[in-house]
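Please see the structure below; I have some questions.
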Amino acid sequence: MLKLGIIGATGYVGEEIVRLLARRKDIEITTVVSNTFEGKPYSSVYPSLRGIFDKVCEKLDIEKIAEKADFFITALPHSVSGEVVPYLISKGKRVIDHSGDFRFRDVSVYEKWYKTTHLAPQLTKDAVYGLPELYRDKIKNARLVADPGCYPTCSILGIAPALVNKLVSKKGIIIDAVSGVSGAGRKSELAYSFCETAGNFKAYGVCNHRHTPEIEQELSLLADEEVLVSFTPHLAPMKRGMLATCYLDLVASGITTEEIRDIYFDYYRNEPFVRVLPAGEMPETKNVAGSNFADIGVMVDQRLNKLIVVSAIDNLGKGSSGQAVQALNIMAGFNETEGLITPGLYI
Amino acid sequence: MLKLGIIGATGYVGEEIVRLLARRKDIEITTVVSNTFEGKPYSSVYPSLRGIFDKVCEKLDIEKIAEKADFFITALPHSVSGEVVPYLISKGKRVIDHSGDFRFRDVSVYEKWYKTTHLAPQLTKDAVYGLPELYRDKIKNARLVADPGCYPTCSILGIAPALVNKLVSKKGIIIDAVSGVSGAGRKSELAYSFCETAGNFKAYGVCNHRHTPEIEQELSLLADEEVLVSFTPHLAPMKRGMLATCYLDLVASGITTEEIRDIYFDYYRNEPFVRVLPAGEMPETKNVAGSNFADIGVMVDQRLNKLIVVSAIDNLGKGSSGQAVQALNIMAGFNETEGLITPGLYI
Amino acid sequence: MLKLGIIGATGYVGEEIVRLLARRKDIEITTVVSNTFEGKPYSSVYPSLRGIFDKVCEKLDIEKIAEKADFFITALPHSVSGEVVPYLISKGKRVIDHSGDFRFRDVSVYEKWYKTTHLAPQLTKDAVYGLPELYRDKIKNARLVADPGCYPTCSILGIAPALVNKLVSKKGIIIDAVSGVSGAGRKSELAYSFCETAGNFKAYGVCNHRHTPEIEQELSLLADEEVLVSFTPHLAPMKRGMLATCYLDLVASGITTEEIRDIYFDYYRNEPFVRVLPAGEMPETKNVAGSNFADIGVMVDQRLNKLIVVSAIDNLGKGSSGQAVQALNIMAGFNETEGLITPGLYI
Amino acid sequence: MLKLGIIGATGYVGEEIVRLLARRKDIEITTVVSNTFEGKPYSSVYPSLRGIFDKVCEKLDIEKIAEKADFFITALPHSVSGEVVPYLISKGKRVIDHSGDFRFRDVSVYEKWYKTTHLAPQLTKDAVYGLPELYRDKIKNARLVADPGCYPTCSILGIAPALVNKLVSKKGIIIDAVSGVSGAGRKSELAYSFCETAGNFKAYGVCNHRHTPEIEQELSLLADEEVLVSFTPHLAPMKRGMLATCYLDLVASGITTEEIRDIYFDYYRNEPFVRVLPAGEMPETKNVAGSNFADIGVMVDQRLNKLIVVSAIDNLGKGSSGQAVQALNIMAGFNETEGLITPGLYI
């Protein structure tokens, strides 16, 4: 039985991980850490889990916590991870970190976009970017996996096949994406209150969202040269779900939607969680909400010789918690899909 | 031109008042008071009003503010009103107060349910309960009008005709009511965040909501004996709107829905903002959202000899801001419906 | 491996059953029947199930369909069930029917409220009302189980402990309840379109909803005398979830919320899917959405000597599909909770 | 008093026009035409208007209807307009048509994208594209005004100042836009039902939406050469509101957000309904919902030398009904802003 600790357990990412793991027979969550809710049963924070997961939250006493498990998932704000993770690693623990702290190969990129000094730069070179579709083998033996951001997961999965197969230009890539409100975390900020959010749609972080360099890092590695992207996130009045519409310039003319769809299908042929839709169909977030799937649809605009790729995930599924569990399965040698091949909640 | 000051102007009740009055030619809003947003244009707090109402918010310096207008609407928390209103009255200003502070004829009832000491008990005996359908004449000359609570407005309008016409028992009245989230005010509390509220329905304040004694006070006055009610409020995932379903025991048998509908229609025959629906129709909140109307439907359950009354208002319209403007129109000698006969936003 | 056919498989009740069973190793769904979608893969109707359940829908050729399975769940409109179920029973199949057709012990009550002639009255006397908390033993060997209505499930579970323990009067019971929109089924009716429903709240079926006699039948059996209820359903702008607020008159005075809470807790001590909340807590639909749980909270109003019971379920979980699966587990001799102890989707 | 007839009056566009005009003293709506609701009071179709606009709907007997007014607004499906409008014009009526039928200068473009034969090509050359910000003078004396599409209005207003001022390339323009559900009209289609739409986000009409050539026509006229755009619409779970994010390539480097903001501000300096936001602020649909405003924000991405323009309108306001009323005011010689400078419903 794998012993797992979750640090920063009472945010939405933490809750989704507990939801996914609470009934697993091969994993025991031995500690849920939350300074805010110390001493309270987890199920009093999330009453949906009453009778299913009632363990009491503990405060972050890192020495004491570290002894409780062999694997840790840290769902902490950036910089806070930078304080906690090094100790866990030093004690031989294996860690999946959900912050931005260990996603960047180049510490200076991180420091520029996050406007802070990296607290544990020594760990970044061995950290593995936790996107199984790109780094499955490295995840297997990683000590430290950086769980990718939601927008990067959604965007990279949508663009990778076109880029790797040299179908599209590496220049001028535009990613217009939308997230449900849970992507902002469990926050008591006015901007995320019901009356300010319901029935409203807006762009945010225009030209400066921190997921931009993360997307660029991974696309550049796939393209084997520097790729820059224009990325604009939006907030939609829904709890879960993320959709990215990617605009790519085709390098050759005459290729059809069907042909590209087949190339995409081949690329993800063995991926259990990526579903390439039939030509002519486009994803909707309701088809992936509550699941670990990514649905991808493609369309060639022959008038403009552009490829439009639409990619949908659940920001709390493949966009964070589901993907963390997928990485955990890989690291632990479990079946990669264990506990994850669950259909979403269409309704 | 009537000069009006709004104190506590940047909450939702304040914003709705500004929205209703900003284009009036007979009223000038001379000051909007908000300690939180002092020095900021009102339209930076509510960008919907950009170019329409850009006045800068002022802090609550009561002596300075009092000089700015002849009429004041105070949309402050209870007890805070108790501090501010006496000064305004002492300076000869006429005030519409939206808190619970001046709604009760019996100070001890207020103190028991609000669990606090009343700060200005001397003002309560002359304060007028600002429900025009019951107290139009008194409002006309009142110095201090207590803007009724949203649930009381919705409930009293629904029950009054039955009670006054002695159709129903004064015992065993049950009011089951629902509010949109704006009823909680503009708050950055987790419980009102989008992710905690969207798709969710719950009861709250069960057996102890402060609007209970307010409903009882007015129903008792109508019935000329003490009336107690069982009142349960609920929160629905919508921004605006309130609906009360009232269960009343008919005193005689054999009376039909049509007959009661006609009695209700007669009772409100001259009321510009109460719409009694045809027999067989029931109100929906979308028909009153954004307006000052109250829609009322009735149905006799002949099996049980009960009368079911369903009453709908916009909690920000007839439930607070619209009603305050209606009272202001009456106090100022304007046409009572001035600026208020606007259809709601069905969509 | 149990072979199961689902007839009327492409409505929301059918979809939720497929979602719950698609990954079960002890149950094989051998046919999904839908005249509307005949010949189409189930996952083209519900793309959330792509790659998980792709079986092609069949038309309702009852003789052919009957041969395909040993158990059937029929999610058909009332009267249509009355045509289909008798044939299945005659072939020795075991059936869980989700319509109102077999829920009534007295055919005349059904015919009065459903305004139709019962097509298979001979089956009603052996049909078992499929609420495991009341009829677990009978369900075990039943040939025909009538899956209860959502409102009756929610109401009966909330009232039963008080009634059985003679805490409350059998007279004057009032049930004010709210449903999410999926309760209306998968319909292309204007009244359920997004723009007509979002942000709106209304009562419907006032004094004549068909779930009234179903609630009364079961409460009467529990009380051992005729119980009539005043039941008013409402529609809230959310997809899933149901909440009933029940108003009951206590027969003795002085009993506390804590005492009643303990009586409720005892009553459901061995029930895996009923969670009685601690005194002072009240259920919210988000805590049960996506699950088979019923959450119940109680509160004594000592001023009025009333008991307020609030009960929450997912109308697609314990209110229909989850409960059908629970009954299926019991009938088949599986662990009753198999595949059902999943936490809901809080977010 | 201007006499106005509304044909196709009971869709959402029609309802919003009635809402905007019902209380006007200078306009009388003399007929509301709806074959579906013939003989029913308009306020029974939209009970929000009960007591405000109770006129009975008439069927479309064009000869009889034409006599009832001097101005007509036709809110009909394309091709249906093509049948009705010519008769009205032949009788000397002035018409604002909301369909796509008269928006195109080149009939062949219409016929290609709408996949139909134009029924009244002779009228297209004198029809005026009803965007006052571009064609105010022509609208003044027009016999036939083609009310622009919602996406074109939102996109053109956002891009025009950059194009006219030659700040950006005419190539490679990308418009990623989002609409609320009311944009689809009042339809009883499953795809727009609450359960299929709430909590869901999707792209639709990818590479083939009919508003594409309409945007291209107007941008080409502004640029004085052919402009093609990549346009992708999306559906968000909200009733009202539209937001377009436009990606444009700056032709020179070094220009700042502030400079471009000032150019935009100047361009719309005299426009009563276009609000250019301060540099650094971005529009949200809640700030324009229920109003006739268009809010525009700009941001330079200096890394990529791109201009991002975000533009927001209410699809039922500036995107259709409000704009039609604006055009009507201009045609009739009323103050252009009459009845339209109303703040939106922030909440």
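Quick notes on this structure:
When the chains are written out, they are named A, B, C and D in that same order, and each has its own residue count from 1.
The criterion applied here is as follows: a residue touches a chain if its C-beta (ideal position, glycine included) is under 8 Å from a C-beta of that chain, and two chains touch if they have at least 3 such contacts.
Just so it is clear, the model here is predicted, and its values are computed rather than measured.
Traced through touching neighbours, the fewest hops from subunit A to subunit C number 1.
Although subunit A and subunit B share one sequence, what matters here is the overlap of their interface residues, and that overlap exceeds half of the numbers used. Averaging Cα coordinates per chain places subunit B and subunit D 36 Å apart.
A separation of 46 Å divides the Cα centre of subunit C from that of subunit D. A separation of 38 Å divides the Cα centre of subunit B from that of subunit C. Residue positions 12, 182, 195-196, 198-199, 237-240, 284, 286, 289, 347 of subunit D are each in touch with at least two other chains.
Taken together, the subunit C residues at the contact with subunit B in this complex read 172, 174, 176, 178, 180, 195-196, 198-204, 206-207, 228, 230, 232, 234, 236-241, 243, 245, 247, 282-286, 289, 299-301, 303-304, 306, 308, 310, 312, 347.
Against subunit B, in their complex, subunit D makes its touches with residues 12, 15-16, 19, 22-23, 46-53, 182, 198-199, 239-240, 275, 277, 281, 284, 286-291, 293, 295, 316, 341-347. Residues 12, 181-182, 186-190, 192-199, 237-239 of subunit A are the ones that touch subunit B when the two sit in their complex.
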